[in-house]
Structure formats: structure tokens, C-alpha cells
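Next come the structures, one after another.
Two complexes come next, and they have one chain in common, chain A, joined by chain B in the first and chain C in the second.
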Partner chain A sequence: MSAVLADMPKADISKTTTPASTKAIAPSKGGRPWTFYVLATLFAAYVIALYGPMFCIYILSFQDIRGGLVFPMKGHSLHWFVDLFTQARTGDVKGSFDRSIKLAVIVTVITVVVSFLAGLGFRKRFRGDTFVFYMMIGSLVAPGLVLGLGTGLLFQALGLDASWYTSALGAQLSWTLPFGVLVMFAVMSRFNHVWEEAAYDLGASRWQSIWLVMIPVLAPGLVAVALFGFTLSYDEFARSLQTAGSLNTLPLEIWSMTLNVTSPSLYALGTVTTIVSFVVIGASLGTIVLIQKKRGSQAKG
Partner chain B sequence: MQPSPSPTLSPARSNLAGWLYVSPLVLVLVPFFVAPILVVLAASFFATDGFGGLTPGFTLASYVEVLHSALTLKLYLATIKFTVLTWIFTLIIGFFVAYFLVFHVRNQLLAIGLFLLCTVPFWTSNIIRMISWIPLLGKEGLINQALLAIGLIHQPLEILLFSDLAVVIAYVHQLTIFMIVPIFNSMARIDKKLIEAAIDAGASRFDIMRLIVVPMSKSGIALGTIFVVSIVMGDFFVVKVMSGGGSASVVSAFYEDVGVLQYPTAAASAVLLTLVLVAIVSLILRTVDIRQEITR
Partner chain C sequence: MKNDRGDIELAGVCKSFDGVTNVVDGVNLRIADGAYCCFIGPSGCGKTTILRMIAGHEDPTAGEIVIGGQNVVGLAPMQRRTAMMFQSYALFPHLTVRENIAFALRVRGQSKTDRLRAADAMIEKVRLTQFADRLPAQLSGGQQQRVALARAAITEPRVLLLDEPLSALDEQLRVQMRQELRRMQQELGITFIHVTHTQLEAIALADLVVVMEQGKIKQAGAARDVYAHPHDRYVAEFMGGQNVLSGRVEKVNGASFTLAQAAPSGIEVPLQARSTVNVGDKVDIAVRRDDVALVRPGRDLPPGYTTSLPSRVLAIEYQGYFVKVMLDTVPDDEFVAYVPEKTFFADPFTVGDVVMATWATGSALPLA
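This part shows the complex of A and B:
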């Protein structure tokens, strides 16, 4: 995901410089090889399997009061959305929704800043860099539930109360930061050092070269890091389970609903959270495209 | 790592600068990754009163209990079964999807668009994507309805949902993206001239695949494998929900242990699992320098 976002400007350049004929293995003029059709079918099947089930629950969430968990559709209404936010038996959806959004925003800000700084640090080798790198990989692959339990026990041992804005925040950062730094690596590796060099030659300080050159140039990559931070936090479950304290975040609420709610309310909640995710994804990708466009027009004009 | 153009610093100062830049990262990872792991390690040696109280001390009782239980072997076998099946399917699908996008889609913008299409669900809720299989696989779900309608079966299939099959389907659905992205990334870096040259030298498409594409996407495959293996082995909610309680994995048993406040046994089993995971990941890392790979 990171790669493609960072690749966008590069892709535009290579498109104009490389003839399209080198793109496909098979000769690009004339007919496609049979493998193209086989793989295109596989790809289409994959995309259908990826989106199909999700669309089923979005559709089913718009049933009326007779609705069940499976097709066929029984009527059309917004009954289950109203039910979701008003019924006590579905739990505190509104409160957990609020908390999840706030937490995701905090996580996003911290992830962007810390990943950017770490990305700067990792550009050069320093004593102990491999240790920090593997600590990060460890944090990424460790079972979330185990880490969450450890964090919970640690807070208990220190006499601190676990809550979503302390222990859960930290637990989520142990998940979003490695992702953010890995994306930063991909972004940084495409940063042209000539610009930074030029800034130094013109007498910029280290701080000025970061603030006036690197951040504007890397802006699309930073938006990508923010997208990771927000969505990974907003959907984070395993690490929050033992660390969120008495008040649930949204994924924890969904989890408890999957265990005891058997009405389309569950699907309605799925639809609502997906809409939020899509708005965030759309806004991020839109911002990246906008930045690239602005650059393109500036370069021409 | 590329040489940085910043003003030349003495090695000591450049070490200091490096540490200053990564210090916020370290300040988060130490209390929220290193410390919790140490706490779990310590807890695995503690004794318990059985009601959630922990007595500091050093006993291997929990390890003996975990290693002696026949259940442990069963749990590990189940976990390995799910991991291997998921790995095979995500690898095959992920490899060919990436291959299609890189080598068969001629328009680069279209390729990026299709790639983004694959990645969008990654940014939405995993739990929602998992439960979205219920209306399809359920006893009265779409697949059963369709099979009944065309007369292929006369009774609804019950193994579709709440079974090991459903668990693997949910894993593959969620995790194929973790294969596609790194493999796509390494394939996109293969110089197309290399392939042109191979064609000119008379290589068949199978030869190109075997001798160029697969070896050169090895690092992507390794990275994807690390993601898929560590996520499946660390997962518990897919197993719990999609098997309908019929199957368990190491971490879902851990979750049950925590639920009944059996912290030391849970911790001991977590430590063992982490060791297994570390062994697998370092085995993979020996074949590929991922840091070199990501930063180059």
C-alpha cells in the first residue's frame, strides 16, 4: 500500500519515458497470451470475493424490522441504524464510536510525527540502529493479545488505571508505529537527496531543510502514514482488548455484539464503520492526488 | 541506506543525532512492547492462587503444566494447520494477482488503480469483513441457496459456516493483501529489460517465471510470509467466531485462560508461542535482509 502511494509520482515519469511495449512479458502488439485471460479471471474472482461479502452485509443492513441475518431482503428501511444508536441492548455504540474517533486522531498525530523522525534517523547508520529496527519488527509481529495482556498487567502492577487514552493508546502505538516507520522507509528511499543538498548549499540549517524542503516534498508520503495510523487504530482490536479499561472502543463493541447480538444491527454497525473508513481513505487519497496535481501544474507553469 | 548529504558530522555526533531521531520511537516501544513482554515472561514463572492473584516467585509449574497437557499439542497442531493452509492460499493468490498487475496490465495508471482496489478493504474493519461471510456461508446463506436451487445438493451444507473451512476462508480473505503488497513491490522493481533479454535469448515464459520472476520476488514473498504467519499464529477472534467455538488455536486458548484468570499458564503458553514465532521469523529473515530490501 505504501509502495503504490509513494510510487505515484515515479509512475507518471516512467510512463512517459518507457515505451509501453516493455510492460508485458508477452509481445504487446496483437493478441494477449492465454495466461492473460486466466490471470485476469483470477484477479476478477479475487476482487469479487474481496468485496462481495462486504456488500452483502451493507445491503442486508437496510432491511426493515422483520429482517434477519441472511438473504432474502425483508423490506427496506433504516430501522436497524436507528436501533443501533437507541437500543440499550446493543451497548454503548455512540460512546464507543466517539472514543474510537478521538483515539484514532491522537494515534494518527503521534504516528506521523514519530515515524517521520524515526525515518530521518534511520537514513544513516548509527550504533544500535539494527537493535531498534528489530525491536520495531518484534513489536509488529508479536501476538497482539499477549502484548495487550502484558500492558494490562504492567499497569495493574504499577497501580495505574487502564483506560483508552493511556494504556490502549500505548498498545495501539506499538502496532501503528512499526507500520508507519516501514511506510516512511519506502517514502524516504525515493526522496531525492539533491534537494536537501541544495538547501544546505544555500545556507539552510538542518531544521530549515526539514521544515522547508523535506516535509513539503514528502507530504504525500506523510498523508499515507496518517492513513495507516488512523485506520489501524480505528480498527484495532487485539491489543485494545486487555488495555481499554472499563470503556469500550468501537471494535471491542463490535466484538461483544458478534457474540450476543443476532439482528441486522450488527450489519448496520458494519455499514457505519465502513462509511467512516471509506471517508478517511477517500480524503487521504484525494489529498495525495491533489498535492501531485498541484505539483504537476507548477512544474509545467 | 543511502549516504546522507547533511554536513559531515563526527561518528559520535552522528550516533547521537541518530538516537535523537529515533528516541520518540524507542520511548513508545520500551514501555509498550519490551516491558509488557517482560511482564508476561515474569508472570509465567509466578505462582497463582487460582483467583487472579499472582505470587511473585520462580516456579516452572506453569511450563510443566502447559507442556504436559495433551491439549497443547492439539492446539499447536490446529494452529499450524491453519497457518500452513492460509499461507499456501494467500501465497498462490497473492503471487498471481501481483504478477498480473505488474506484467499483464499495460497501462500503468490502470495497474495502480487496480492495486488500490485490492488494498482498500485493508483499511476497513477486520471484524466486519469476517462477519460479512455469515450471509454467504450460513445454513440459509447464499451459497447454500444457490446450490439447492440448481439441484446440486438436497440438504443445506453445514460445513460452510462455523467450521475449519470458514476459518481458512476468513483468513485468506483478510490476509492475501499482506502477500500482494510486498510481492507487487519487489516485482515492480524487476527491470523489464532483463525479461526482454531473456525473451531474445529464447527463454520460454515458464523459464522467465522460474529463473527471473520467482527468484527476484523472493524478498516480497518472505516479507508477506512473515506478516501472514505472525498474524494467523497470533489470532484468536477469527478462530473463535468462524469455527463457532468448534476449533481453538494457541492464542484462543490463551484468551480462555485469561478469561478464567489463569495468568501463569496463559503467560507460559504465550512465551512458548512467542519463541516459536521468533524462530520462524528469524529463519525467514536469514534468507532475506528485509531492512536492505525496504530501504533500498
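This part shows the complex of A and C:
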């Protein structure tokens, strides 16, 4: 998800600065300048630091039945993946996975809709707009655990049962909505208001101008907001901890497993959830590319 | 109910955005059906605001806007049957040329086959058939302009409003597209209202030129009227091609008066439309730059040329068919003579030469 965030502004910057940056580096005779190797080494170190720990988990999840929690690796098989879905002692993996996906989808839909509406609302300045904006951003700053705790307490005080689809949903939205709105602002800033005016001039109703002009033009940005909503919800822990009620979401399940499961099936779970994340990210990026390709190919006729 | 008349009347139209200053200040104007009208003025003079009020994108603070005999204030653009071509064209980036042009029909609920057929006919009219499936980003500036024109024209408006339509184009294309606009206007036979800040564009295109300053109309008339007979100093200087001089009236003699100047002879000015002038009045006059002849001191003036002002040549610019000679004739003001190329090079001046700037008496025009 950080890839998407970084991609959007970067795409522009790289286009405009490429000629300058190639010039800026000291001239070299044929080969690359020495700075290239220094920076490449630095980047490699960064990538290793970033992905090394995750790869340890992925590798260790493919051990055979003798496998332990640490290196060295003992054999290789898919034993722990099977174990994950068959053994009751590892906990309710399937159920929590199910809940997490459902919750993430609900959060995504609400985040996209509300962020889009907020984006529409903030196109013009209005009385107290800065106040509303800071109120919104405020919940990003609030510590997640405290916020979750408060939500849990509030539900208890009101006599409501905490569950993943009520209190946890609310707690997660306090996290995904500000993010979604911030991304939406960036997306909106590229929308030229004269398009709306042109649509109005051509006889479009407000609804038609949103449906036929705004949403299609903003579609890649909306997918990015959706991706944010989904991934933030899917691995949300702090806010869900006190609000999920009796049934765990996946991150909570994994956490409880680290306390009582002492087999590589824990790692297998890590591998599986990572695959799910990558599938979602891939699908989102694929959608964006598809939208743009479709426009390109239409254009070629 | 269908009323195809595109004559426009602005009656006391005012617009204020902050409630204090009027951006458009009591504008009255009548534009004939099927006219090509250009609003011209410096940026911030209110010309675009007038256009947007006629289009229905702004409401006037006061006054009436009447199109085809009907007060349209408060109506949506579609009800007014106006269409606007935006400055940067505002083509929808996600739609192809064909879909852009068909947009107005789509929002009216026309079936896909009908609207695409109509769009294709319009595409042919603006000669974009081979680009019908392209996206706006893949078109040149001139092609984009034609798409914008076609997209506006497909709504069959009675009035087409163009907001600086040529400003996004480079010089050469601008002249070309200028002709195309005129051709389209004649083909469609509807009223065009065109906002620009380029004098040449306005006088080349318009039947009616409206010169504006600070929310007010300074002069409205045929291109030739406005250019050759400016009402006042502002219009004369803004439209260009004129030298403006000012001085006190020395004596009034029948159909003309004499303006006191540094010149021994004074400047004789025919009274023309200006009915009363009194001795001692401060008066501005205009003399067309191409009416000014330059004569070396001591030589005879051409017959009928009574005024001659001694001047020094400040700079010379070769312009092709004429030569622009800048002179210090009037202190503080620009004074320029456009000398035909052949005349100039028969006896060329150089910078620093002293010459007599002279013109026929009838060429001097008193300004309001």
C-alpha cells in the first residue's frame, strides 16, 4: 500500500525531473558514476532490512513435521499449512480470516463513499472547514490502543455488545477514514473544476456530472482509496483489540497464537495472509492499469 | 415554443462578487442575431464575467439578460440554449473525441446509436473524422479546439460563447483557427460572443467590437469604427495604431480649432462630431500612425498638410511592408509613424535624425 501512495506523486515528479537529475550527477567516462554504486548498495541494504524478517517467516513456514520456531530449517513440506486449517489447537483461523475479509470489505466501501463525499464537500471553503479538517485528522494522532479501549468502554456503558461488525468497525473507521480523506484530497486536487462546469453547460444534472464525469476521471484515485481502506483494516490490531468482542479478527488471532502456539503453523499463517495482501494489492493496481489501458486502447480505436 | 432568435440585450447588468466593488458595472448592450461580437479589454475588466453571465454560469447582481426576447436570468445554460467553449477547452479527459461530442446528447437520454450518429456528423463538419477515437490528450491544440467547438455546437445553441478560445494556441495556429471560427459561425448562422485581449483578433473577426475597462463599456461598434474613430484616449490607446496628443485649445475657427503645441504652427483639428470646444479647454486628439508622414526639415510639406512637429528619431523597427519609426514628438507620450517600406527606403532616416512629423488636417481626430 505504501507503494501506491508513493507512486502517485512520484510519477509526476520523475517525469519532470528526469533530465535534470541525469545532468546533476558527475560526468562519467562510459560507465556509471561511483555514486551509482554507493546508492545501489544503500538501496540493497534497505531492501534486505525491509524484507529480510518477512522472508525468515516465509521460509520457516515450509519446514516438515520436525520443524521448530528458529533456524536452521528442518526439511521442507507444506505440512504446517495443512496443520493450520485442520488442527483445532491452532485456533479459529478460518473463522477469523473470514471475519477479517468481511470487515475489510465493509470498511473499504464506507471509506470510499465517505472519502469521496468529503472530497466533494471540501472543494469549496466553508465556515469552520479547518476545524472539521483537524477534527478528522485528530483521530489519526490518537493512540490506537487508547481509542480502542475507549470505544470498548463506551459500548459497555451503553449496554451494547462489542463485536467485530459494530464496535470494531467503528474503531477501524476512525483510522481508515482520515487516511481515505487525505488521499482523496490529493486525488481531488488533480480534478479540474471546469470539467464540472462544462458538463453543466452541456445540460448534465449534478448527478450526471458526478456519475459521468467525476467518478470516471477520479476512478484510479478511488481505487487507491479503496486499497488503503482494505489494507489498513485487514491488518488493524490496536483499535480492534478491545472492540472485537468475543470473536477475533485475523490479526488478533495471530497475536493470540503467538502466545500459545509453538509450531511453524504460526509462520504458515503469516505466509497465507501475506499472499492475500499481495493478491488484493495486485488486483487494485491491476484495476488502475486496466482503466488506463482501456482508455489508451479506446483511443487507438 | 422553439425560439431560434439569438439576439441579446444586456440591460443595466451589474455583477459584484464581494458586495462592494462591481466587476461589471451597469452594462447596456444590444447584440444582433447572428452577429460575431468580440469583447475586448485588459484582464480584470469584466469581459469574462459578462460572458459567464450570458452563459448562465454566474448570476448578475442586478439587471436583465434578454436572449431572443426572453429574460434568461436564473435559467440553466441548456434552457437558455447557449453553449460555452471554455478557455482551456475543458474536454473530458476520459472520453474519446466522439464521446466528448456526444456528451450533451447522452445526458439528454438519446440512445447510443442516435447520439453517436449525430456526433459523427458533427465530427465530419469540423474535419476530425480520423481522430474520432482518440482521447483529448492525444490531440494537438488546434484539434482540441475543434472538438470543443463541435461539442458546444451539437447542442444547437442560439448563442455560442467563447472564452479566449485562441489563447492556448501558438501564433501561426491562432491565425488559422481564427478563420475557422469565422467559417463555423457563418456555417451555423448563430450569434458568437468571443472574449479576447488581442486587438488584432477582435478586429479581424468581429461585426461588433466591445471595448471594456473596469466593468464598463468604453465603446461598442463595428471593428472599423472602433479602430479608426475611437471615442476617447483609452480606446485609442488600447486598440492601438493611433498617436494620442493633448493640449489646450488656442482658438476656434468655424469647423476646426487649433491646439496649442510646441510647434510654431499649432495643430489644426477639424471639429467633426465634437460639437463644442472653448478656448482654453484641454483636449485629446488622435492621429493614426499610418497617417503621419516624415519630412526632412526645410523641405516642403505635401499639399494639405498644415501641422508639422519637429521630432527626433528614437528608434526604427523594420516590420516588412512598413517601417515603425518612434519619435520624441510629444513629451511623455509615445509617438510613432508607420512609414511604407518603399517610402522609407527612398530616403532612410537613422536614429538621432531630426524630422518633421506631419499629417493632413483632416486626419486629426478630437477625442472625448
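In this text, the second predicted complex is superposed on the first by the 262 of 301 C-alpha atoms of A that agree within 3 Å, B and C clash if a C-alpha of one lies under 4 Å from a C-alpha of the other, contacts with A are read in each partner's own complex, and residues count from 1 in each chain.
Everything that follows uses one rule, which is that contacts are C-beta pairs under 8 Å (C-beta built on N, C-alpha and C of every residue); 3 or more make two chains touch, one makes a residue touch a chain.
Nothing here was measured: the structure is a model prediction, and the numbers come from that model.
Novice: Should the pairing of chain B and chain C on chain A count as a clash or a fit in the superposition?
Specialist: By the criteria stated at the top, chain C and chain B fit after superposition, with no clash.
Novice: Considering only touches as defined above, state whether A:Cys56 meets chain B (first), chain C (second), both or neither.
Specialist: A:Cys56 sits against chain B, while chain C stays out of touch.
Novice: Just checking: does A:Met136 make contact with chain B only, chain C only, both, or neither of them? Give me first, second, both or neither.
Specialist: After superposition on chain A, A:Met136 lies in contact with chain B alone.
Novice: So, A:Thr86: does it touch chain B (first), chain C (second), both, or neither?
Specialist: neither
Novice: Just chain B (first), just chain C (second), both, or neither: which does A:Gln208 touch?
Specialist: second
Novice: Give one of first, second, both or neither to describe whether A:Arg295 is in contact with chain B, with chain C, with both, or with none.
Specialist: In the superposition, A:Arg295 touches chain C alone.
Novice: I want to verify the contact counts: of chain B and chain C, which reaches more residues of chain A?
Specialist: Between chain B and chain C, B touches the greater number of residues in chain A.
Novice: Once the structures are superposed on A, label A:Asn260 by its partner contacts, choosing first (chain B), second (chain C), both or neither.
Specialist: A:Asn260 contacts neither chain B nor chain C.
Novice: Name the contact category of A:Val113: first (chain B only), second (chain C only), both, or neither.
Specialist: first
Novice: Who does A:Pro216 touch here: chain B (first), chain C (second), both, or neither?
Specialist: second
Novice: For A:Asn192, using the defined touch cut-off, is the partner it touches chain B, chain C, both, or neither? Pick first, second, both or neither.
Specialist: Once the two structures are laid over each other on A, A:Asn192 reaches chain C alone.
Novice: How far apart, in whole Å, are the nearest Cα atoms of chain B and chain C in the superposition?
Specialist: Shortest inter-chain C-alpha distance (chain B to chain C): 6 Å.
Novice: Please report the chain A residues shared by its interface with chain B and its interface with chain C.
Specialist: Of chain A, residues 197, 200 contact chain B in one complex and chain C in the other.
Novice: Going by the contact rule at the top, pick out the chain B residues touching chain A in the complex.
Specialist: 1-7, 14-15, 17-22, 24-26, 28-29, 31-40, 43, 93, 96-97, 99-101, 103-109, 112, 114-129, 131-136, 138, 140-142, 145, 173, 176-177, 181, 184-185, 188, 192-193, 195-196, 199, 205, 208, 226-227, 230, 233-237, 241, 251, 254-255, 258, 263, 266-267, 270, 273-274, 277-278, 281, 290-291, 294-296
Novice: Of all residues in chain C, which touch chain A in the complex?
Specialist: Contacts found on chain C: 55-57, 76-78, 83-84, 86, 88, 90-94, 96, 103-104, 106-108, 132-135, 138, 151-152, 155.
Novice: Write out the stretch or stretches of chain A touching chain C in their complex.
Specialist: By the definition above, chain A touches chain C via 192, 194-195, 197-205, 208, 212-213, 216-217, 219, 295-296, 298-301.
Novice: Given the complex with chain B, which residues does chain A contribute to the contact?
Specialist: 1-4, 7-8, 11, 14-15, 18, 20, 22-26, 28, 32-33, 35-36, 39-40, 42-43, 46-47, 49-54, 56-57, 60, 69-71, 110, 113-115, 117-118, 120-130, 132-133, 135-151, 153-154, 157, 170-171, 173-174, 177, 181-182, 185-186, 188-189, 193, 196-197, 200, 206, 209, 227, 231, 234-235, 237-238, 242, 251, 254-255, 258, 266-267, 269-270, 273-274, 277-278, 280-281, 285
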